Each structure stands twice: as C-alpha cells, then as structure tokens.
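One structure is given below, represented as structure tokens, and several questions about it will come after.
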Amino acid sequence: MPQIIDQIFVLLKHWLMGYIPALLQPVVSAILSVVPVLIAFPLLFAITTVLERKGLGRMQNRYGPNRVGPFGFLQPMADGIKSLTKEDIIPRTADHLVHLLAPVVIVIASFLVYAVLPIGRNMVIVNLNAGVLFFFAVGSMVELSVFMAGWSSRSKYSLLGAMRAIAQMISYEIPLVLASIVVIMAAGSLSTVTIVNLQATYTGIWPHWYVFTPWGLTGFVIFMIAATAESNRCPFDLPEGESEIIAGYYIEYSGFKFALFFLGEYLGMFATSAMAITLFLGGWAAPFSFLTWIPSYVWFFTKLLALIAVFIWIRGTLPRLRMDQLMNFAWKFMLPLSLINIFAAGVWHYMPAGISRWFVVTLIVALACILLSRGLRRNKWFHVRTYRFAS
Amino acid sequence: MDEQLKSELSRQGVVATSLQELYNWGRKSSLWPLNFGLACCAIEMIATTMARYDLARFGAEVFRPSPRQADLMIVAGTVTKKMAPQVVRLYNQMPEPKYVISMGACAISGGPFKQGYNVLKGIDRYIPVDVYIPGCPPRPEALIDAFLLLQKKIDEQYLTGPNRPRHLNADMPSEFVVPEFGEHDLEPTQNRDVWKVPLVNISIAGKNESGSD
Amino acid sequence: MSVLTETTVALSSDPTTDPNASQLLEVSMGPQHPSTHGVFRMDVALDGEQVVKLKPVFGYLHRNHEKIAESQNYLGCMPYTDRLDYICSITNNWAYALAVETLAGIKVPERAEYLRVITGELTRLQNHASLIGFLMQDMGTSGTPLMYAFREREKILDLFEALTGARMMCNYMRFGGCRVDAPAGWLQQTQKVIDAFPKFLDEFESLLRTNEILMARTQGVGRVSRELAINAGLTGPMARASGVNYDLRKVDSYGIYDRFSFRVPLGEFGDVYDRYMIRLLEMRESVEILKQAMRDIPSGPIMDPGTKIRGFRPKAGEAYGRIEAPKGELGFYLISDGTGNPYRFRVRPPSLINLTVLEDMCLGRNVADIVIILGSVDIVLGEVDR
Amino acid sequence: MLGQGILKGLIETARNFFGSYVNKDRLTTVQFPEERLPQIEATRDFPLLVYDGTDWQQGLRCVACLICEKACPPQCIFIEKSTDKKPDATGKPQFYPARFDIDISVCMSCQICVEVCPFDAIKMDVEFELSTTDRFGGLLLDKQQLAKSNEYYNRIHPTEAGAVDAALADERAKAEAKLRQAAEAKAAAAAATPPPPPAEKTVIQ
Amino acid sequence: MTNHSYLPILVLLIGGAGFAIGPLVLAWIWAKKYSPQKSGPSKNAVYECGLESSGDAWIKFKPGYYLYAIVFLIFDVEAVFLLPFAVAFGGFTAAQSIDMLVFLLLLVAGLVWACEKKILSWS
Amino acid sequence: MNLEAIKSEIEANVPGCQLEIIPNTSPSAQHSLLVDSAHALTVASFLRDGATVRLDYCSNVTGIDWPVKEVSTKTKVKKIVDGVEKDVDEVVKTQTGGYLEAVYHLYSMEQRQGPVILRMRTEDRTDRVHLPSFTPLWRSADFQEREIFDLFGIIFDGHPDLRRLLMWEGFVDHPMRRDYVDPDDYEYEPTAHDEVLKRAREHQSAEGGL
C-alpha cells in the first residue's frame, strides 16, 4: 500500500497514457509531467510568501498577515490581483524590449531547471544523464535576466543593482559548481536521479546521505551559502539592497512584471534548495529506513520547506554584507575551500573505510576552514572591543 | 426575447459585480505603502508597522521604497515648499491605482507650521488626497483607522459607469503639475484643478474683527 | 589648520584626461530614500560604487522653527520644541526650559528636577534604542532589531503618555518646573520598565553585538579623529566615540546631575562600531542614573510658585542654555527684548553640526558604507533643518 | 571562530519565534480595532468644551474670554463673542461664545488652551478616530461638535475631572454664599426702602 | 537517450513562457478594457529619489566589475572540465588522480595569481 | 577666567583690535565681547590657540537682525527762546540697531570653561554685508555660517563653500530678517485672527474679493 501511495502520480500518468494514441504519447506524457510542476511550485511560492511574512512577524513579536482570507492565507491572491490590475510603467528612456523580456526570462529560466529535479521516486520530468550540468547551465540564465532588467531600465540605481548582481552571482556560481563536484565524484554520475538513488539506501536505519561525511557537510554548507547568494537572499541581497540602492535592478518595474521578478526569485530559491537536497540531503529519501512508508514526495517537500525556513530565519536575523566583503568571501574563502574540499573528497576515496579517514578528512577540512577564515580577518581589525570609561 | 435579454443582462451584471468585488477586494487587501517619511508623523507611521500595532495584519507591511511598486502614499509629516515638487513627482511616478493618505496636521494644512515661509499649507494643494488623519502626530491607531477607512472607500468604488474612480477614467489626469521653485514661492502655488477652496471661510473670519480684540 | 585637510580620494585615473577611464555616476541619494532618515539628501558622485564626491543638501524639512518662535510667546514656543528632534521631545523641552530659566533666573523645585532627570533619561533610552534599530535597518536587517527596539520604546512611550498625555509630543516641561506631577502608580510602573530594560539590552547584544557581519561592516568605517571631532563641534555619542571626554551632564552638571554617579564611556577609533557600542553602553549608564533617581525622588511642589506661565516677560538680555540631549549638545540661544515674545530664538541643533564631518567620513567609502555612516550619526531631520 | 556571533543572533530570533506562541511578552501586538489597549488617563488628543447639565447650549462653561484663542500657538481656535449675556451655571450673567471653532487639521494637541483657561471650560478629548475623506467639512469642529458633557469628561479623565468639579463646587459655594449675603443685605435694605424696578440684565429666563 | 527525451524540456520552456507571458497579456487586456494606461512626462521619467534625473545612467562603468567576469570565465571553464573528471573519478587509478590534482593545483595557482595581482580585491 | 581678563589678554596679544564688552543685564549675566570685523580672525585664532584660553570648540553660531529702531526720549533742556531762558521739552531721537550681528559661543573642551561669546557687527543691513568667516578655525561654524548667509544674508568672507543651506537655489530673499514679507498663500484660514486674519484679508482683496 505505501508503495502505491508513493507512486500514485506515476501510476496515474501511466493509466492515462493508456488512453492516448501512440503518436501523441510523447507530447502528452511531457505535458502530463510538466503541468504538475507548473502548478505545484507557483503554489508553493504563494504559500511561502505568506509563511515568510508570518514567520518574520513571529520573530519580530507580531502576527504578520492574518486578515485577508482565513489566517491571511489569501494574501498572495490579493497581491496577485492587485499586481495584475496595476498600471504598467516603462520609463521613457528605457530599452523597451529588453525591459519587457527580463522578467519573462527570469521566470522561464527558473522553471527550466525543474526539468532535472527529482521530486519523488520516479518523479522527474526528464532524467538527463548530464542533469547537474543542465541545472547549472540553465540556472545562470537568471543572472542574464537580472542584468537585462537593471541595464534596460536606465536608472542609476538599477544600474548599480545590475552591476552588483552580475558581480555577485557570477562569483558565487563557481563555489556552487565546485561544491557539487564532490558529490559527483562520489556518485560517479551527473544524473540527479542516480545521485538520489545512491543516497536512498540504508545501513541499519541510517541513510547514505552525502551530508553525513566531512566533505559532504562542507560541500553542503558551501552550496547553501552560494545558493543564498545566487538567489539574492539576505544576507546577500545586495542587488536589491533596499537601504542602499532602493530597490536595485527592479526599481523601475511595476505591476505584474515586478511580481514576476518575485516569482522568479522564489522559484530560483526553491530550485537551488531542491538541488541541495538532491545532492546532499538524499533527495526524496526518508531520513530513517523505518520512515520509508511515508511517500517520497512528502519527504522532498518537507526538506524543501525546512530549507526555506532556514532561509527565512536567516533573513530575519542577519544584516547585509558589503560588496567587497561579499567578493572577498567568495574568492578568498569559498573558492579555495571548495577546491580543498574536492581534494579532501579525493583523499576520502583513497583511504580505507574506518575511523582514520574520518579523522584525516575532517582535519583537512577543519584546518582549511580555520586558516582561510584567519586570512579573511587578517587585514581587518575585526574584534569584539572593550571600552574605557572617563574618570 | 425580452425575457431572454433580461436574464442575459442580469447574468452579465452578476459577472460584472463579482469582477468588481474581486477587483476591489484585491486592491484593498494589498495596499503597499511607499516607504516615504517626511517628519514627526513618519515615526508614528513606523510605529504602526511595528510589533505593537502591526500594520502587516492587513497585508500592508510591504513598504516599497520605489514608487513603481507602491499603491499608497502616506504623506507623513510637514511638506515644505522645497520638498513639495519631489512629493508630487513621486506621486506622479506611482502607477495607477494610487491612493494618498494625508497623515497629520502638517500634511493636511501645514499644521502648527502653516504660517512658515517654507511650509506648504497642505499637500492637497497639488495632489488629490483620499483620507485625512488629523493629529499631531496621529496615534498609530488613528493611522490604522484611516487605513480601514481607505479600504472601505476602495470597496465602494465602481468598476464601470460614470461614478468610476479617477484611475479607471481615461479622461481624468493621472499626473499632476509639478511645481517649480520660484524666487519667493513655488510656481504655481496650488493646482486649482485639485484644490477647491470653499469660499465661505474667509468671510466667516471677517466677522471676527471686533471679537478678536 | 591641520585638521582641515579634506580627505581626498585617489582615483585610479583622472576621468577628465584619460579616455579609457570610467565615468562618474552622479546619483542623488534622497530626499526620498529608505535610509536617509527622513528627507535628507546627498548628492553623490560614484566611481563604480566608490564615493568620490559627496555634498549634503539640507532644507527639505525647513519648517521655519526660529521664525515662528519669534511670533509666539515664551510658553507658545514650548510645544514647537517638541517637534525639533521629534524622537526625544522631552529633552528638547528641557533645553528650552533651561534656557528660559537662565534668562530669567528661575529656580526649579527638587521634585521637578528629579522628574526631569527621569523623563530625560527615559528619552535617552528610547532614542538610543530606536537609533540602533534604524542603524541595523540601514545595514540590511529585515526589521528585527528595529522591532525589538520599538517594542521597548512603546513601553517607554506608555510611561510618557501616562505622565504627559502624549506619546511623542510631550510638551511636558515649563520654565520653573514641570507641567504635571506624576500620577498615582506612575513611579512604580516606571520602576518596572527600568528593571526590565537591561534584559532587553542583553537580548540586543546577543542578537547583534558580536555578529561577524556587523563587525566587518562597521569596524574601521567612518572614522573621525579626536582633533577633528573637537574642531568640527561634534557632541554627544558621536564625539565620545572619537575619545572626546565631553558629556554636558558632567561638564555643566545642569539640573541635579552632579548627584548621580555614572560613567561616561569613551571610544577609541571613532568609527561606526564605536558609535554603536557607545550608545549601547550609555543606555546601561542611563539605567543606573534612573535607578538612583527613582530611589531618591522627594515629594514636594513641581512648579516654582514665582513663575508666571501666562504673560511671562523676562527682562531684556540674552542667554544660552544647553543640555546633553541624546544626540549631543542641544542649545537654545534666546534674546529677550522685554516683551512677551522672544526677540531671537536660536536652536543649536546637534544633528546638523554632527553632520559637518559627513563628507570627511564618507569620501572613498562605498555606497553601503555611507548609508551606515549616516545612520550612525543619528540625525533627525526636524532638528537638522528646523 | 567565524560564525559564533551569527549563531548567537540566530538563537535569539528563534527564541522570539517560539516564544511568540507561549509568551505574551514576545507577541506584543494589540489587534486594533477589535482589541484596544486600556485607556491611559492622561491621554490627550483634541480639545473639547465641557458643559454642565444636559443642555449643551445652556451649560457651556466657556465665557468667550478669548484667552485660549490668543494663547493657542498655531492659532487654530476661532471664537466669536456673543453680544448679549446669558447666565452661567452659578447664575451669574456671562458672555458666551456665539461661535467656537477649532480647526483640528491645524491643532497640535499641545494642551496650552487647557492650561490657560481660567474657567475649566476647555479640556482635552481622547477621541482619535477622526480620519475623514472630507478635508474642509470634516476637520473644522464647531461648538456643537466640541461640546461634551461633564459626565463624559469625568469618564475619560476621572482624576482630573474630580479635582475640577471639587474646585468648581467650592467656587460655586462661595459664590452662593456671597449671593446669599448680598440677598440678605438687599433684603435688609429692602426692608428699609421700597424695592427699585428689577434691572433687565438680572432677569433669569 | 532518444530524441524526444528533450521534449519535456521544450514543453517546460513553453509552459514557463506561458506562465510569464500569460499574466502580462491578461494585465494588458485589463488595462485595455477597464483601466486605461496613462503615460506622461513625469510619470514615465526615470525614478531618482523624487528628483528629476540628470545625466545618463548608461555610462562607461568602472572596469573592476568586468574583471570579475573575466576571472569567472576562466574558473567556470575549468570547473566544467572538472565535471567529467568527477564522473570518471570512481574508476581512476592513483596516478590519474594525481594528474588531476596537478590540474587542481593549476587552478589554485591561478587563484593565487589573481589574488596577488589584486584583481580580486574590491576597491 | 572672566571676560575682562580675556579681553586684556587679547589686547596684549592682538595689537590694534577694538574690543568692547557688551553687558547682559538679564539674570543669566552672559556678557559678550564685540570684536571689530577687521581683526576678528586674528582675535579668534588667538582665542583658539592661545595657551591660556584654548577655546577649541565653537558651539553655536547665530545671526541676529537688528533693524533700525528709533527710541525717542524727552528731556528738559534749558534753552534761550526769544532771549528768555526757558525749560523746553526736547525730543531726542536715538537710533539703535541698523546692523546684522553674528554671535559665536566658544568653549574650551580642554580647560572646561565657557562660554565666551564673540559678536561681530556688520556696517548696515543691505544685501551685501560682509563679515570674516570663522570656518577655517572651527569647522563647526561651516553649516551654521551657511545658514546665516541663507537666512540673514551675511556674506562670510573666507568660507570655503558659501551656498544657501536651507532654501532652494534661486530663492532671492533672506527670510529670517525681520522685515521679510512671506509669500501670500492665505487662501483657507477658517480660524484666522490677528496677523493671520489681516493677511487673509489682504489675500482676499488681492484675489478680487470673495
């Protein structure tokens, strides 16, 4: 029975496909696998915006939206209607075509990456054998659209935002890719499905998630930090840094175009989180072998929501970094650390299983962390000060 | 034939009303204010969004710093003559539909500073204001009250017909004259299309000559 | 004149001669900008993100305070002072009352002095708390520290409302005392708030004091040397962060401040972090003062019986009275010509004069820095432009 | 260690997040308009005119002395003094305001009018829900809108109103005593000489 | 892999585009039918904190930003080279892995060089 | 260190300067020192750097407008009228004011003393009145002098950046002068009296009456 529930969507699709003429089968099959994604993730976007506002509210000792609809859950709908009926302003001097294309591109790019993300057992739109590569390749289109938006608006603040965005996003692209290489080394495949399948096995009750190795943990942390930066979330929200450059690259966007940017951003956040889950947290696999009766997609979305909660939590706490610190952090900490992490993963591979390789690899990674963080602090004052009092 | 047409019409009417309701509901439930404070009242405006009063409950905590994404301009504080062109320009740059709450005595009429040489006697000289909140500064509750009043006002607007609001009517302006700095005062000193002073008031004051002594 | 050397920024190449050099982006920050604390404006020229030119532009909230005061009587000026630095109205009242008292030689009764100290220090607490919240907001936190600060501020505002009737514009002090005595139970309520306040400070410190991002953002940013601080007339936490030991509560001992034991924290580097920390430490000292004042407050009258409120006409002459407002030295310079209205009413606004060094602090830094530097100066536009 | 301070901050926000479900101190929102904070007694918003008794026109304490109009810093009070006199609560004939307007779009709630009023006629109201869409009609309060009964005043500022009532009663008692004395004296005088025709002004109703 | 395994991606592309363009079209229809667009000189001017914008935003921007792009290009290409290596890593001999380590070291050398050249220090 | 001592010290160190102590009769007894504008800068720099005074901190800079005020005093004078000596009432009209003033409040942070109040007076009240700027000595005077330039119209020579501070560029008047006439915007004054009523009336008649 659990298997049937687990595979209910797959079975449903197969059953439907039986009624479709063979000629149309590929197309209908494609549509049938795409449509759920097109429904589920925008829906998740809507729910997340409410949850984020409510969660932030709770962190700040208040309720958050609770009037619009039951418990405020119709808030995104109201926002949507309002955006839809809002006047659309394009600055006179702007590049009209690029200005129009930018939000479209960001949404398309954000949706495309879901093609390779396994949402549950046997539930992936397409199992590419270069899935991870596809993910990163398509994912970088987001940067393009952000730059298009900032540049085409021809406002000074949006230009600054675009410049910040492009510098930031390309800098964090590299640690993002390098952090995932360790997993690929261990799995020996670029296919996301294979990677998850490898992790969905158990020793006793414990799963084989890559996050439970020293290099996996390091890789996961690097990946998550880079993912935060890629999706322009706090504390890396410089491109839209409200207190500095007002609204950054989308300063001139109104109406639904602005909503599309929001949608694209959140979809990007979900996608990178989903990728982190796929690579390090066992994808749709249950955390303990005795919990496998819970459907795989439930696990996937649980993990996804948990990661989003962390994003929100961080947003509720931290101040923003400055541009130079951000770049230094990327190039002088994250990048070397991820290179060392690849080396550590190699060492792990060649050492015999046992406590000794745990010790050695942990040592390598920890040492690298400490040395690199020291390097970051080197020419700064950066200390908790004590103060004197006038007599 | 007649019956048919009638039912057809009423059906369309139902559709139109529910569309209007949905439209009004969407607009009133998602009023994003412009992140824009001028003076004292701005602090109370901030206090309204803070934990004790929590404007977010109405879905209005999304203070957008850019006018392009804002629906509501809360003119919170004294509008000086040096600032007035900027306020009007910001209002102009907001997309329709847009609303203005004039918060506090200064924004309504210049308030205690109205006799100052650099103080504009009310922002409604240049832009149309939807709701006025008296007070110096108004309590946060008063702002929420005004917010509810604005929601009520939006809820009562028609989607079509001659009574439809300004933003749905192609003949009504959506941007207003931005005053310019003159040698002594702003030029023009008020927008006569927006600001219609009742004639009676100065003549009332005229009666007072003997009494004021 | 060594302190006057302006900070110059070394451009990588001279944009006027080098055709390959990058062009400067001339941006105006403000008057409507999320972090200019009102309607302040800075005309900024940017090379990339580096600030190579910065000119502050004032006057967007110039409400003709001084001119209006000339046509008001001495009592009528009092509510206007509330609106100078609209976050701390009570200290403004105090400074003005002190100036008039100096001008007319009025003595203030004991209990009124204590009430002044209590309300004044509460004002300092709520000002510093909200300033730190705003500073964090400028630094990009999504409201949490500001919310916590305002949570505490509301408690203090409740006290103000119970005492004076208004949350922000208290209009509490009169020359020769205070307007009303504390109502029944007010002192107990205040004691509760004071006792709970250190808990909030602890929470605040654990939220952000040792935060690495905060330290990296603020340390070494916006430095002001001790000499420049004195020469540019910086006062308040701004000056003390630069190591200038100048606290009017100690220097002038106005009111009854010589009765309390408290310390004046001094910074060493004069950067944003120091200013932030000095304010945190000052809040702890304020709590100490409040505890002592609550312990010692006597009963008695709250108004000098010899002072007329209506038809108050001081003798011709002039007086300069100043106090240590939360933002620095707030002074009132009054000239009386013997009539019921002040002949000249001048406010010495700490915020405006603390901004003198803005340009020195900001040149060569980048956009993100100037926002927090401005935040750390703690300006209120009502006072800057008046 | 890098990240220690960040973790501390994260723990603090988490504490507040979870605390908001159990601790009232960590969820300080008062859900206006359904929930309201208890009225603070000293609260002031805009002025009101106190009247004694039930008829607002009869009982107004204001005698149109114009002191508040003069003292009002932003000059938002407008009074037109009556030409005739009406007896006040103590029966003494007084001028009354033929017109008493307060422009609350200018008023800055400074309470100076209250302080200077020698007749305890003008006091501060606590009503703040005055937002309106009508700028010229809604914000200029006239005599009728401003007049509030002494009971209402006692309800919103009990302590202050109690003191005022006591003082007024005292004054009234004194006035009555004086009146009685005068009446007695008059009676004594009347016993001696025939009464003169009553003056027009002393006729009560 | 058959050809039509890329078909779902195409469908997703169309679907995504529809998701983006659909509402925009809807909004356009709404604007046509009910809420007329009203453009104007002040409304369609570039926003700059409420002031009239002076000067152009499309200027010769600071080259520092582009340097990052170039460095990125180098590293990204190398990172792409690392991907096939990573896939094949399970079957590598120690000697091959050491070759790869040399490649990694080259990357590190490049990074160190860029650091030394101060390309990566933001001004 | 009282004002007399400072005065004599200055006179000893700055030759040729004309100083005058302006007494303050109010209970505050903050007397001030009137400096002639020709020597003001030297005096000020002595006050800042002189070892005994060290007024390193300039707190407040104020402009004051003193328009011409006629005070007529009646005195009885013996005069020979028609050859006879008589007591005649003579009205002596003394003019005071007619100048703008800049006042500096100086303190010493080092020696914790003050205030020492310096005053400077302009020649007249025209649009082009000059005073030396103290901004090169005390940076804190920077914005305050600009403000005085803006609102009172005193031109401070030697100020590095003398522009309007509060009013916009292109504004022609100096609004803090006592004879400034503010712009006519008295359209709606429902509670006007006194001065405001007069202005509203004037506006009404200018509009052609309502």
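Here the chain labels run A, B, C, D, E and F in written order, and each chain numbers its own residues starting at 1.
Definition applied: contacts are C-beta pairs under 8 Å (C-beta built on N, C-alpha and C of every residue); 3 or more make two chains touch, one makes a residue touch a chain.
A quick note: this is a predicted structure, and the numbers were derived from the prediction, not measured.
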Intersection of the contact lists for chain D and chain F = B, C
Contact-graph separation of chain A and chain E, given in steps at minimum | 1
Chain whose averaged C-alpha position falls nearest the assembly-wide average | C
Rounded to the nearest Å, the gap separating the Cα centres of chain D and chain E is 66
Approximate Å spacing (C-alpha centroids) for the pair chain A, chain D = 61
Roughly how many whole angstrom separate the Cα centroids of chain A and chain B?
-> 40
Hey, how far is the Cα centre of chain C from the one of chain D, in Å?
-> 34
Contacts with two or more other chains, residues of chain E listed in rising order = 34-35, 38, 41, 43, 45, 47-51, 57, 61, 65, 123
The positions of chain D in contact with two or more other chains are 2, 6, 9, 12-13, 16, 27-29, 31, 69, 73, 75, 78, 103, 106, 108-109, 136
Got the chain F residues that touch at least 2 other chains?
-> 166-168, 175, 188, 190-194, 196
Every chain pair meeting the contact rule | A-B, A-C, A-D, A-E, B-C, B-D, B-E, B-F, C-D, C-E, C-F, D-F
Sort out for me which residues of chain D touch chain B in the complex.
-> 27-33, 36, 45-46, 66, 69, 73-75, 78-81, 99, 103-109, 128-136, 138-139
Okay, in this complex, where on chain B does chain A touch?
-> 22-23, 25-27, 29-30, 35, 50-51, 54, 56-59, 61, 64-66, 68-69, 71, 93, 95-97, 167, 174
Listed in rising order, the residues of chain E that touch chain A in the complex are 1, 4-13, 15-17, 19-21, 23-24, 26-28, 30-31, 34-35, 37-39, 41, 43-49, 53, 56-58, 61, 65, 68-69, 71-72, 75-76, 79-80, 82-83, 86-91, 94, 97, 100-101, 104, 107-108, 111, 114-115, 120-123
Chain C partner, complex, touching residues on chain B are 34-40, 42-44, 46-47, 50-52, 65, 77-78, 80, 82-83, 86, 90, 112-113, 115-119, 136-137, 139
Across the complex, what residues on chain A touch chain E?
-> 26-27, 29-31, 33-35, 37-38, 42, 83-94, 103-104, 107-108, 110-112, 114-115, 125-129, 132-133, 151, 153-159, 163, 166-167, 170-171, 173-174, 177-178, 181-182, 184-185, 188-190, 246, 251-252, 255-257, 259-260, 323-324, 327-328, 331-332, 335-336, 339, 342-343, 346, 349-350
